[in-house]
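A quick write-up on the structure given underneath.
Chains: A, B, C, D, E, F and G, in written order; residue numbering restarts at 1 for each.
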């Protein structure tokens, strides 16, 4: 049978069904949602872990600063997402509660991986239980662990996660991934990483690009605290790349 | 496959299903309900946040003052809606309870954004769990926060929200949005904003326009309290625009 | 697509589904049930709020007085309905309990609008949750509030309500509404309103009209108490209109 | 669309669905079950309320006295049914418990109407909630209230009830109703009513008629107690009508 | 529409659906299961109530004595069944618990009819609630009540019951019922009833008949206790009929 | 209608549906699973109850001793199964818990029949409640009761059980059953029964036969304890039959 | 009927359905998922139990060490998986909790088989209950029991398990299984087993092979503790095989 036939026969109508070739089609469709989402980039830098996001502002009277694409989970943990942003919010809320529970119960900061696993466990449930749809969103989760190691994870709608040095998700992936493969290096500073990310975003967004769309933040490796990059710095970098 | 084919194959029959191109069709249909709703306008003004609504009175023996389109959530928080008004009522009831809980638990007024997030979280649930339909309504939520900053948010049926300076939803959007883009300015007073909104409503409603259909209220930035605009003021502004 | 096509494709098979043009077809069908129901009229009069109902007696050995079409909710609150009467009974039972709760908890009579909102909230649930059908009934709710203001509300199967001066629902609406538009005045007495209502009912029912079919009651504005209109008064008014 | 088309399109497959013309088809089918049920007659007489039932004995070794068609609810309350008798049993059990609760809680006999409303409320639930079918039975409920007023109610599968002077349900309705319309009078004694009912049953059952099929009981208006009519009296009346 | 059309249109796919002619098709199919079940006979005799069952042994290495077709409910109460025997077991278990509860709560033996009603109430639930199928079994329940009256009831898959003098269910019904009509008399002794039953079974089973297939038991009217008929007596009676 | 038509019309898609000829098709399909399962034999011998099973090893690096086909329930009770072995495990776990409960509550060993009934009751539930499938497995349960009587039961997917002297289930049934009919005798010793079973297995498995596939155990009638037959004894018996 | 026909008729749309030939098609599709998973090998060696996994890195900026394919359950117990890795995570989490419970409750290390049975019991539930899909993953579970015996189990999506000396699952099975059959011996050391596994992986992955993809760990038979094989050792072995 061809994929088209699997659709005709309804294997893609419920998350509780495998298709005859062993695929979960609803999860694959959810991944398409992610590939159409607005672009986000994550990057391990020598002095922190950086997240850069396209805020994709639908309308010119929107308050750009009011659009959230980078979500703090804890002081040392931050997430961004491509796909359905209201789905992402549910996962981030879940992660925030989990991080607080770990802090209160064990008196230590949560490990990035623990939070990633917890998010993925919630995603997995939505790929196995009837009466639910999979989460239509991939998260990038960045953190600095207690031992000061820098972490960057990507979670997909299946609830599978991978650890990355640098990665991109959303509609800009086809243009930006080759740039990362070529130009990313382990010893970039957050500043250099930001410059690389903005250059890549500009290329991907092309003439839809606007300074106000870019949001950026990083977890500082020294004090293990999230810092938002201010608009001026972003604007300045954009100007440099325009030259 | 074409959209028509997705409909033929039933991807739009349940909220728990993605279509093969990664869309949630039931949510998109709910957005159509919103686009057919009666028009509401929101606007940040220098002395308050203004909401103006068309009450769309179906019948001439209706008591116009008895028709609610602007719903108080708390002293400093107010909402209006386009779409299914009984759906809006559920969300407003939910927001009122939440605002009271925050007041009682923390002894402070609720932040506009917290209320918006809470409303959107309830909306998101209705886009992911079987046995429910999405809310067929978009809300505009206006408030003045503790720090006196003026806030205006729009929430859609997906549970996604954006912060606006000025916006319009409902059937009048295509006519009114260009007017806002052109004539809205940050430093309008509530009085000027009201005048602009009424002018835009008159244009959109055209010959269906009637003075009794317009409802307006604002949260006063000074005392952080909602005030309803009285009928006489509205009538006077209409007369001025008629000239 | 045409409406017929939406039916062919099943958008009208469950309350949890929007049609591609953003409609809830099951709710629209429920409204048809209402339009086929037996006629009821509500009217704000200067000395009370009047409800007049056609009891539609299917069979000549029925005890006409035993047929309930006007349901007391509290001393100062009364309802009537067009559509499925057993559905109306559920809503009235719900309203009675709510009115008692308010009396017991706050020591005051319930406000008409609070009761209307409560009834509509129950109706809304039945338009959003799977495994239920919408209520196939519209209610007219009449009351005199604590401040002696006279109130008349209509609630539809969606859970939307409007406040009226005078209105009619059920199969007689097309004939009776124009009469109300033309002849209703704010300063009618209950007696005059009753006469107008009976005249309108006679026109709508035409040769199916019979004296025993008409039920009438009003909430007296002076003592805030419901009074049933006795059969003799109704018969007398009918005789007058026959001349 | 024609009714046949509504069936083709499945509007009659679930109780939670209205058809496009605003009907609940499953409830209408349940009413057909009632019309095919064995005949029962109820009648208000000057000295009591009478119920007469055809027991429809499928088999000659059945113990006719062991077949229940007339069910006591309380001393002063009795019911009979046409349709699915096991459905009737559920409703009668429910009514018995309710009557006992009223007696224990308030120290008074239950009002006939309260019991009727309670039965109808259970019936209504089964017309609105998914995963259930409507009750396939109509009940006649006869009682003498505390104020000695004689009551006879009919409840249909929708949960709608009417109060009657005399009525008939089940397969014999088309033949027996005209007889009641013509010959029933308010001042019949129970004995005369029984004679009339038997005559009507004989006509309706025609050559399927047999003395053992008839069951009869009445609530005596004087002592407010149910009495079963003995077989001899029934046989004697049959003989008289045969002459 | 013809029955075949009702099947084509799916009215027989769920217990929660009436067909357009007011039938519950799943219940009718369950009755077919009963008509294909192995034969059981019940009979009121002057000195007890007798049950005789065909055990239908599928295989010659089965231990015939280990096959249960006659189930004790209490000392004075016994049941047998035609249809799905594992369904019967559920009902018998239910009846046993009920009988014990009555004994413990009221200190008296349960009345046969109470147990029958309880079994039928469980059966009725399975004809009205979705997610269940009807019980595919009819029970014969035999008992001697406290007042020494002899009782025999038949319950069908609808939850309807009838009291019998003598009856037969299962595949042998068409052959055995005429024999009972002709030869059963009220004053048969248990011994004579057993002889009649065995003769009827031999005729119905014809050349499939084997002595080991027959199981028989009765409740002795004198001591109100169940007694199993021993194999020798059965064999002897068979021999007599073979002559 | 033909069986094929019943399939076309979906009577075999859910356990909660009878087909028009009164069959539960899902249960019949589950029985096919059993008939394709690996063969197991049970046998009452004069000194114990014997179970012999084919372990059907899919792969030559499997540890044959690690494959369980004979499951202890209690010291004196043992089971084996044909069909889905993970289904069998659920039933055995259930039986083990039940046997322990009886021991703890009543201080006696559980009766074989009680355990069989308990297993069958769980199986029956899965043939009547929606949202479940029937168990795809038949169990043979062997035990020695407190009174030292030897018991062997077979339970099928319907939850029906029969007591046997000797029986076989699984793919080898067609070849092995005639051998048992012909050669099984009540007075075989466990040793002789084992020899007979192995001979029958060799015939049924033919050239797929391998010594490592055979598992055997018996409950010793003397000490009421299960004993596993060691590999050497099995190998020796195989050699004898090869001669 | 042919398999294709079973698909056309929907027997493969829900886990609660058997196909007419007694198969659970959803479980068979889940097994296909496993056969497409990345390859894992398990092997009993004379000094430990070895697991070797292909990590299948989708992207070159992935942190290879951050990819988990070998999951510790307890000190002496370790698992790996082929199929949906987020499904495996659920099962491993479940196993970890179970192992801790046994340790805390009984004060002993959990037996490998107990953990395997527990995992399989969870898998079985997902093959029998509606509203769930089967787990799309097979696990290899390796452990050293308290008595120092070395154990290796494979569990499939049905919840069936087998004990192995050496086995392979995932896409590499067709190439690697013959190598194991030919070259595996009971007396290999962990070092030799690792060399054999790597050789087999290289053959199966062919030119997709990369040193960073291979993950390996074993439970040391001496101290009953899991040890991860370091990258250098793996690289060295690869080099040797390249020669």
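Everything that follows uses one rule, which is that a contact is a pair of C-beta atoms (placed from the backbone, for glycine too) under 8 Å apart; a residue touches a chain by one contact, two chains touch by 3 or more.
Remember, it's a predicted structure, so these values are computed and weren't measured experimentally.
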Worksheet item: Out of curiosity, which chains are bumping into both chain B and chain D?
Response: C
Worksheet entry | Type of chain D:chain E copy interface by residue overlap (half), same or different | different
Worksheet, complete the sentence: For the C-alpha superposition of chain C onto chain F, the rotation angle in degrees, rounded to the nearest 5, equals 155
Worksheet item: With chain centres defined as C-alpha means, what is the inter-centre distance between chain B and chain F in Å?
Response: 67
Response to the item:
Averaging C-alpha coordinates per chain, one finds the centres of chain B and chain C separated by a number of Å equal to 30
Worksheet item: In chain F, what residues contact two or more other chains?
Response: 10, 15, 130-131
Worksheet entry | Order in which chains appear around the ring, chain A first, chain G after it | A, G, F, E, D, C, B
Worksheet item: In the complex of these two chains, what residues of chain D are touching chain E?
Response: 7-8, 10, 12-15, 25-26, 29-36, 58-63, 65-67, 84-87, 89-90, 93, 126, 130-136
Worksheet, complete the sentence: The answer for chain A against chain G in the complex is residues 1, 9-11, 15-24, 117, 120-121, 123-124, 127-131, 153, 158-160, 162-167, 177, 180-181, 184
